[in-house]
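Below you'll find the structures, each written out as structure tokens.
In the two complexes that follow, chain A is the common piece, with chain B as its partner first and chain C second.
Coming up: the complex of A and B.
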């Protein structure tokens, strides 16, 4: 045990100007955190952003080319499709997981029986890997043997539901799987929020003769604003990372019609050996996360000190 | 519970409590349970289809419909998925990926929790100048897309000669598990009564003494929550596995994807579904066994993201 550990020693050094060796054990123990934060998170991100302005191809190198990579990126058909897909997926997934998640939570909060059984069923997909989810839905949406085949087998011969092979709607096929996996998570957050609401609110609204649905819309939802905001931020930053699900379910196909930005980055870095494009694309992903996070951080922590 | 303890006088004034007893089959109940049951079917359907498909032979799959229960139950697809399915030149099935995943999982979970719990403890009880700044950077870092850090990490792992090895991946999992776990432990240790820490200090215990003899024994539940979080997270990882390992060391998810989405050969849907279920089995078992603790784990991540 060092001197700083001894309570009397600590007291004495507290009076003296702070020194590097005070509280040495805590600093030593925090070293992994400090290294992760500074080297990997800050250093790694800065490295990637800096190299997005170079013409690195097979290997990273310092040939500064300004915004060339970004110009090429935004002129690339594949990137535009990726961004468009992510937008569609993102908006639909945000709205639907929030609405469905809240509705399910509200239904479960109506003092029903078997609540925990229902909750277990709604949440289990969240425990699965996106790869498992993607492959399961790839099979269910299989045009010959899956849902379409079954309905046709029932005699409705012209029934068509083949999103995974139709470039126009393939992203909605991915969305179905994504919703299946993610809604339970939102439901759990919402349920926690609903449970935090005072029972007296319900009593008051009953006394005033306000209907259940109206109470939810007018009173409960406004009260749950912080819960909604938290859920929104978590889902939004998860959507930007969308990668495994697409790889498993469609691998970007048919053609390049279900590509997403995260996949663009990995493909250009590790398959097309065009590092510069990968760096530029990943910097764009970072930028979109910042766009989501900064307003939230400002609302949440702006003004008051961060605790 | 507290309501039953209230004095009987107010009980007389208020009359009977609670809403009027309704018939079990009121319109409200039919709507409520009907909706919930319908949604439950949607949620359970994929699992059901996977199980049913994995127990059928290929001829039955080609003729029948995916929702029909198997006529001839066969476990051959499971055996094949586990021991014979091919990825590239290796034809020893998913068992290889399972072994790799276990070899990645155990050290990753142990290392990440050990490091993060000590980190959280230092942040909660032994603040030093700058500790909160580093913590804030760490938490913000959790929102940075992995894609912006992936390539620098490739270079770092190459430098320390761990690229492509299981230990390299263990290190990556430890690093990326750190924000959420540190947050979890910091918040938990902060919530413990401070007198406890002060008393141990007065008794002369130091940094490690308090950690091992006071904090650790009191925090078993939070360690279990952290374990659930990490086991499911690391088992389900695909991105890091595909980038930082090579075919011989691929974790189960990567191997699964390669088996199912391979373009060669005839598609054996029953084997594919058995393989998919096998990969999903570990997190599913953890989920069903842990119950409330799993929910607590994800809530911990959500409450103060």
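Coming up: the complex of A and C.
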């Protein structure tokens, strides 16, 4: 795409003075969206960040307290556990969804029989909301009625698998449900990417005598870079938003061992009626997104000259 | 004209379309069997005594779910005619922002100050000398519910107080029973902790911490005993895996657990199971140590609306909610205590009578809702949830608790 744009870009910079007035109708028409973006997103974000330095309770108030809210936030056990949980969930979910999604897509791409049936089965979980997913997995992982109960019923009495009742591994119980829900969708994106690979590539690699696995790793995956970026953005935004799955599946329990940052924000804003604290927490979430996003965006868009 | 009426009807949420009768939308979170029956008594009274219509706006889920919905509707300029809230500090800022109707004149005309007992209920409806809500019932949380069946199986006498209960626990465990039933939810653990606190340290020390926010007392030796007792309770409830409070109560009803610390609403569950107080189960207010109950409860607030008719109807409704007849019918159905000291509740059962006599003796203290902000309560709940689900040492929990009290406002 970038080579197609370059010559036009050069032409545009030559006539820069008139650029503002070109296509005035289109610009006028996009004004509402630009305003929405500025006022709602940028304005709302600025407002939230500003109020995180106040001691707003139920209603926003200009009562400046400096970094008090942040100090309290980082001293709070619940927040620390939330952040830790999100990191574990995030890394595992990112890696496993990508690996599983790509593997499933590659397997489906080997021209197997009943491909569309498998595709439908794998994609089905994605049609369910996180609430339904969470509830279903809460039942499946219930030690008395779910998986553990069934296996014990078969005679394996010592079988223990109760992630939702064990504070140390509860986040992996949530992870299982998250993977079940999200992998199918990533698989479909990957499959679309694989279908976009020219058949000639495969022929060429066969002529050169390169193995199938090696072709995937060395040739196909590098060619699918844009697809991976799309999948990455979708998965990452899902991770940061992680909230409803936890609410439905464990509600943060046992104790506070499966709390996540988004739940902290909601609880402190509305249940604890402490807007300042909730805003501070959401500002920290934004900050972490920016820290991850900026270097990536720089590499992705800033380094255009190299290619 | 027709079109106009149709538009008005479809657009208006609470505004009236008739000449005299106003539609009054009332939001609340009373959705369980007994609760719904109780609120229906209010609806009946309003429909019968006034020309207005009670439009029921029940919100499923607990107060934690309903409260944000109610508050955001009031803030968002779409107020209902009346709403349930727990009186105390939950509505403080809404009142400050001028979003709640001032009921002072009505209260003075009807002499609420004289009839509401304990008067602290009205105090928590009062903000800067003006009255903004109608208290409708009293709920207390310092109750230990005991299963006679379980203690019979274990071969020990039914305990008379918390310490007897703790020493009877090994016998219960030997009989294969769970000594203490406990739902694994923060608010239930908060209730148990609150009950243990008040029964062990007594009112004066409790007041220093909860009302005066004295962090030194919270970190001191008396509260160390509280946290030790809470750690004991944690061990007794180790085998209790249920989540919801009524499932925990059910363990007591079926004799699978020795006891449960829960609010007086647990009584409704015993009643549904057709158990008789004093015969199948017994109740120990103040865990049998201190004859003291708190006086939390529910109240109705009336958001400010523009419609003059609705405004007038709100006042009529307020006066009905606190009337003798409505109070008796409502509280008998709900199992809570009435806010008036001057009515006859001879139909009440053994446990309710115990509560009434404690009220008459003045053994009351304000509910945590009335002394601590939602923020502080959430922090305490988080701490207790962590404490109950882990092996956190009592001393660590006490230190964190003292830090929260030090920050409270």
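Note that in this section the second predicted complex is superposed on the first by the 268 of 307 C-alpha atoms of A that agree within 3 Å, B and C clash if a C-alpha of one lies under 4 Å from a C-alpha of the other, contacts with A are read in each partner's own complex, and residues count from 1 in each chain.
Quick note on the criterion: a residue touches a chain if its C-beta (ideal position, glycine included) is under 8 Å from a C-beta of that chain, and two chains touch if they have at least 3 such contacts.
The structure displayed is predicted, hence computed values, not measured ones.
Enquirer: What is the contact status of A:58 with respect to chain B (first) and chain C (second): first, second, both, or neither?
Expert: The second partner, chain C, only.
Enquirer: Applying the document's definition of touch, where does A:258 land relative to chain B and chain C: first, second, both, or neither?
Expert: A:258: touches no partner chain.
Enquirer: Answer with first, second, both or neither: which of chain B and chain C does A:270 touch in the superposed model?
Expert: both
Enquirer: By the touch definition at the top of the document, which applies to A:69: first (chain B), second (chain C), both, or neither?
Expert: neither
Enquirer: When the two structures are overlaid on chain A, which partner does A:205 contact: first (chain B), second (chain C), both, or neither?
Expert: Neither chain B nor chain C is touched by A:205.
Enquirer: Using the superposition on chain A described above, determine whether A:124 touches chain B (first), chain C (second), both, or neither.
Expert: Touch status of A:124: first partner only.
Enquirer: A:93 in the overlay: touching chain B, chain C, both, or neither? Say first, second, both or neither.
Expert: Touch status of A:93: no partner.
Enquirer: By the touch definition at the top of the document, which applies to A:82: first (chain B), second (chain C), both, or neither?
Expert: In the superposition, A:82 contacts neither chain B nor chain C.
Enquirer: Is the number of chain A residues in contact higher for chain B or for chain C?
Expert: Between chain B and chain C, the winner on chain A residue contacts is B.
Enquirer: In the superposed view, which residues of chain A touch chain B and also chain C?
Expert: On chain A, the residues that contact chain B in one structure and chain C in the other are 251, 270.
Enquirer: Write out the stretch or stretches of chain A touching chain B in their complex.
Expert: 1, 5-7, 18, 22-23, 25-27, 29-30, 32-34, 36-45, 47-49, 51, 60, 104, 107-108, 110, 112, 116, 118-133, 135-140, 142, 145-147, 149-150, 153, 180, 184-185, 188-189, 192, 230-231, 233-234, 237, 240-241, 243-244, 247-248, 251, 262, 265-266, 269-270, 275, 278-279, 281-283, 285-286, 289, 293, 306
Enquirer: Considering only the defined contacts, which chain A positions touch chain C in the complex?
Expert: Listed in rising order, the residues are 57-59, 72, 76-78, 165, 167, 251-257, 267-268, 270-274, 277.
Enquirer: Help me check something: in the complex, which residues belonging to chain B touch chain A?
Expert: 32-33, 35-36, 39-40, 42-47, 49-50, 53, 61-62, 65-67, 115, 118-119, 121-123, 126-129, 131, 134-138, 140-141, 143-153, 155-156, 174-175, 178, 182, 201-202, 204, 206-208, 232, 235-239, 243, 253, 256-257, 260-261, 269, 272-273, 276, 279-280, 283-284, 286-288, 291, 294-295, 298-299, 301-303, 305
Enquirer: Please give the residue numbers of chain C that touch chain A in the complex, ascending.
Expert: 64, 67-68, 71, 75, 90, 92-94, 97, 184-185, 241, 243, 373-375, 377-379, 382-383, 385-390, 400, 407
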